[in-house]
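Pasting a structure below so you can have a look.
For reference, chains read A, B and C in written order, and residue numbers begin at 1 within each chain.
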Amino acid sequence: MHIEVKDLNKHFGDFHAVRGVSFDIQKGRLIGLLGPSGGGKTSILRMLAGLEKPDSGDIIFHGRRVNDLPPQERGIGFVFQNYALFKHMTVYDNIAFGLKVKKQSKEQIRERVMSLVELTGLKGFEHRYPNQLSGGQRQRVAFARALAPEPQLLLLDEPFAAIDAKIRQELRTWLKDMIERLGITSIFVTHDQDEAIEVADEIMIINKGRLEQKGSPWDIYKNPQTQFVASFIGESTIVSDIAKLRGFEDAVAWPDTKALIRPEYIEVGRPNEFSIISATEPGRIKHIHFRGSEWMVEVEVGEVTLITYRSLEKEVLQPGQEVQVLIHRAYLFNDSDSWIMENKLKEDPMPIHI
Amino acid sequence: MLYFVVLIVLPILGIYTQSLSGGWATFWASVSDPLAWKAVLLTVRLSVVATMINVLAGTMIGWVLIRYRFWGRSLLNSLVDLPFALPTAVGGLMILLLLGPNSLIGDLAGKLGFEIVFHEPAIVIAMVFVTFPFVIRAVQPLLEEMDPSEEEAAYTMGASKSKTFLQVILPTMLPGIISGGMLAFSRALAEFGAVVLVAGNIPGKTLIASVFIFGEVESDNPQGAASVSILLLTLSFLILWTVNIIQSRRAGK
Amino acid sequence: MKRLWITLTYIVFTILLIIPLIRIFTGAWAEGWQGIAEALTRPQSLHALMMTGMIVVIVTVINTLFGVMLAIYLVRAPWLGPRVKQLLNSLVDLPFAVSPVIGGLMIVLLLGPNTVIGTFFEAAGFKVVYALPGMVLATLFVTFPLMVREVMPVLQEIGSQQEEAASTLGAYSWYTFWKVTWPSIRWGVIYGVVLTVARSMGEFGAVLVVSGNIMNKTQTATTLVYQDVENFNVLAANSVALVLAAISIALLLLMEWAKKRKGH
């Protein structure tokens, strides 16, 4: 579904929540609306859904202006932050809801619901009630329910905010796979950068009601276009030849792939500070800057200069000092794809089996 | 929507216009009739007494029902709502039977020189009966919500049980006591059914405002009735408004 | 200390509630079953009970419908500004503040035989005051807030997200109400119904004023009790009161049961 938004504005009382936002989205793309809380992302999403009315501006789905269409008629699926499952209905009935509204036949409904139940890994749970499910399961029901009536556009409002950190990673990957498989145009709201980078094809950074920048995660990190974006994404290092770094040799399989390494995922220190020394490689400190609450460290590893932070509690490092560097993970980008690669050597190569 | 407007707003406006229709002079005359303002005064005075009793008894009962476990607790808890369910006339009859001249207690009281029925005490009892649940039901949720660690903290700092009660628990219950008390007061002012049966309704002595209004209506004096109604209404509205403010302030906390 | 409070509590309950109830029972029983049956089968008793029954049914049905509707409007309607909603909210509580006698008076003043609207209706052959319609109106007024007040907090608590979800899935208002909203407010509504029934059955002051208490024409059970007491017909008064008290206790039990189901 081709989506155009032109000059969207929304006030809540005196608060100007959304200011002149305009963008285009192509069919089948997975877009992340990223930004700090209260910035207007959810309002934009809700206006796209028809749950709020914009004060001015146009929303166009596939060439047709939909401002005056109610949510029932927009062909959308919406996944709420707190799932909003129908408490008095079973999983089956929840998913079937949109189909029952359309008065489809029982067999049709059964077929579609069961296929979704399989797809979302909820087989065997169809007759349970929401309060008998875990957070992750509920989220999957919400997802299946939104997809049942075959919407053209899928909208997700902070879908993982209410989920345990442990399961979040799994669900994220699962969601991305699912959406790619179905090819459905999707927009999700998040305030978590990692989530946006990992899941989205394109990111729109929204702050104080304005669209700061729109582009692939790679574009944004490489060329932040506004002050806000630059400070929001932090100082990451971009590496052209990641295969040269220890633990990432597998990257030779993907030539023309660049890597983005976030400072949080780089560790520097003396050899005795590391538990898996085999995963580290030697480096030399180039500069060190005091940042009030921590040190910012520029360290050279081979031909690459990496930026990272170091706690004030640890032993102070000096420029020119030889240190060990551990890179935990990197985001890999090329023209068609993006994914996370973990440092392979972090796993103990010789596990002891008892 | 319309239903709401017609049913509620119109009648209230109607009464205000009617009583003032005879002009300010008539209004004033009706209101300054000694019987009229004596009735209102009596009503207010007795309602205050009834409310005080209810506040004390209600707070205690609310406390006991929430804090203590004992045989018959849930039965008593359910019984609290009885005055809500029972017709006021039946309530009045019950009091009449219990305390009237032909009953055990009535006789006893008579011998002690105490007149109950057909005198002020009966009115107060009727009012207490009818407004019994208000303070209790207002205090209970506050006690339930209260964090037990507040109390525990007080004990660990050496406060005695009664001191803790006065300084930690009572303030938590206070908004409930106040709003429950005000609702009870408002209701007591308005009560008719239970009182009319037991009061004897002697003008100037045991005639409360609502019965006075009734009397005026029966004697075909709608203006007089309306005037006193205005007084009573305005008083009740003020109270209701105050309760609303207290409650919204609490919700805003 | 604890014992003292519990005992005191028991004493209060016994004096205030339990003994009086027993007294009604014994009072009615003064001439045994026979006495009660006679008192209850008097033509005016039967008529009064029937009147009460009719009023209860009509008032409960109307106030349930409109009460639920209004509650939904007050909590959910996006097109009502917050100020208007607050005002309406306070207005809903109005009947609580008004003495029932005053309530009845207002109806008489607005719709009585001496007024514009009253004479209009009377010409159409439709008596309002001193007849059933007036009594129904008076009782509607008095019991109005009960349903609204029960449903509103429930609606607020469950939040509007489930309803929004339903709308994104293609459901319009009526369907959403039945499938999504109603299951959540069901017990609140039932509790409200029980309260309304109890209150309309027990209504006295307003009905007394509006009905004129004309025996066999516009008398309800409660006003009949009043009349019997005034006429020193204690046995009859007790019998009718006994019936009312028995129904009240049954209602009380229903109330408590519905309250528990609501609380879940």
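In the analysis below, a residue touches a chain if its C-beta (ideal position, glycine included) is under 8 Å from a C-beta of that chain, and two chains touch if they have at least 3 such contacts.
Remember, it's a predicted structure, so these values are computed and weren't measured experimentally.
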| item | value |
| --- | --- |
| Chain separated most widely from chain B, comparing mean CA positions | A |
| Distance-to-centre winner among chains (Cα means, whole assembly as reference) | C |
| Between chain A and chain C, centroid-to-centroid distance (C-alpha), Å | 56 |
| Averaged-CA centre spacing for the pair chain C and chain B, given as whole angstrom | 18 |
| Rounded Å distance, chain A centre to chain B centre (Cα mean) | 60 |
| Residues of chain A touching chain C in the complex | 49-51, 70-73, 76-78, 80, 82, 84-88, 97-98, 101-102, 145-146, 148-149 |
| Interfacial residue positions of chain C with respect to chain A in the complex | 161-162, 164-172, 175, 179-180, 183-184 |
| Touching residues (chain side chain C, partner chain B) in the complex | 1-2, 5-6, 8-10, 12-13, 16-21, 23-24, 27, 66, 70, 73, 88, 90-110, 137, 140-141, 144, 195, 198-199, 201-205, 208-209, 221-223, 225-226, 229, 234, 237-238, 241, 244-245, 248-249, 251-253, 255-256 |
| Of chain B, residues touching chain C in the complex | 1, 3-4, 7-12, 14-15, 18, 57, 60-61, 63-65, 68, 70, 72, 76, 78-79, 81-98, 103, 128-129, 132, 161, 183, 186-187, 189-193, 196-197, 209-211, 213-214, 217, 222, 225-226, 229, 232-233, 236-237, 239-241, 244 |
